[in-house]
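Order as written gives the chain letters A, B and C; numbering starts at 1 within each chain.
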Amino acid sequence: MVVELTVRTRGKGLHEITERVESVVRSSGCDVGLCTVFIRHTSASLTIQENADPSARHDLEQWIERFVPEGDPAFTHTAEGPDDMPSHIRSALTAVSLSIPVMGGRLALGTWQGIYVWEHRRSAHTRRVVVHVGW
Amino acid sequence: MVVELTVRTRGKGLHEITERVESVVRSSGCDVGLCTVFIRHTSASLTIQENADPSARHDLEQWIERFVPEGDPAFTHTAEGPDDMPSHIRSALTAVSLSIPVMGGRLALGTWQGIYVWEHRRSAHTRRVVVHVGW
Amino acid sequence: MVVELTVRTRGKGLHEITERVESVVRSSGCDVGLCTVFIRHTSASLTIQENADPSARHDLEQWIERFVPEGDPAFTHTAEGPDDMPSHIRSALTAVSLSIPVMGGRLALGTWQGIYVWEHRRSAHTRRVVVHVGW
């Protein structure tokens, strides 16, 4: 079973999609299997991060902002703006696909794990995420 | 088939689980398929690294220790100690899930590849790793 | 269905394999399913990156060259040369496996996504990549 989700981001940062992915698993009727999440973009990515304390997500965003900064004078791929090339690098360093086992009809996430779309562009985007559930 | 493994780490560093994952594949009876390993935590992660020379794993650990150091004054998520936020960042930069094809009833790992839990916290932890084998 | 591809690289950089993976999907007869790509090495990795403008791939390579440089005096794993340990680190930070849903008999890649083997060693290598297609 494959479902495409449309995720509207509001610019840089983590946008949680755990409940939407869980909903796909429920509707699939899968009891024991594997759920794979895939993002169809190269300037946004996926991550599983702590879902409890928002300060962890804040620090993660601040850290990558310093670590792969906009305006690096070495960049030549700048036609779409200063946030374009950092987005590609941040995507390469994080995940384009995540696979999560399904147990008892639910994602086998740990207590503190949430699934997030990580938007790397400054402006709001509509991102397409494909969810596959298999046995 | 889904099995949960309990992995006891001894603090920061790579803890090999290749043989335990291989054992799950053997007991599944799968000949050709896909094995997915998933870690249910956000302060430890998974990696496939060289299994021959321990100096590679030593250098990897030293490198990430310098690269995402403890005590970064920009961190605000510090309630659990100075190794907490670096753990989340290191997890985001490495893998929460790994998928390895199965051929001839065995993981299709290369000669020098081992599967490791990468503990990012200072102290020993009990980590839960879920292994799914599908066809 | 599992197929092993042999990929000849020409030293550091991204080597596209999208069409070869798509060809495995076509020959599998899979309509809706999941395609997983796995690289059997620890000094080359996989990534999905922009397939349109070569400047994005150029900047990505330049960035990682600065970020995980050769000749770091902290490295002890140097027997195979100055590009050996950086290769392991670059592999740990990128992907050893990628899972892409299959829809309508084709990989559900976004318009600008291509699948690449990322060679991290200086010299040309023959890399083995395993492709699994499941339902």
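Before moving on, here are some points about what is shown:
The rule we apply is simple: a contact is a pair of C-beta atoms (placed from the backbone, for glycine too) under 8 Å apart; a residue touches a chain by one contact, two chains touch by 3 or more.
No experiment lies behind these values; they were computed from the predicted model shown.
Interface residue usage between subunit B and subunit C, two copies of one sequence, is largely distinct: under half of the residue numbers at the contact are used by both copies. After Cα superposition, the angle needed to carry subunit A onto subunit B is 120 degrees, rounded to a multiple of 5.
Centre-to-centre separation between subunit B and subunit C, using Cα means, comes to 20 Å.
Each of the following residues of subunit A touches two or more other chains: 34, 93, 95, 99, 134. Contacts from subunit C toward subunit B in the complex involve residues 1-2, 4, 34, 36, 38-42, 68, 72, 74-77, 79, 85, 88-89, 91-93, 95-97, 99, 128, 130-132, 134. Those residues of subunit B whose C-beta lies close enough to touch subunit C in the complex are 32-34, 47-50, 53, 55-56, 58-60, 62-63, 66, 93-95, 98-103, 108-110, 112-113, 134-135.
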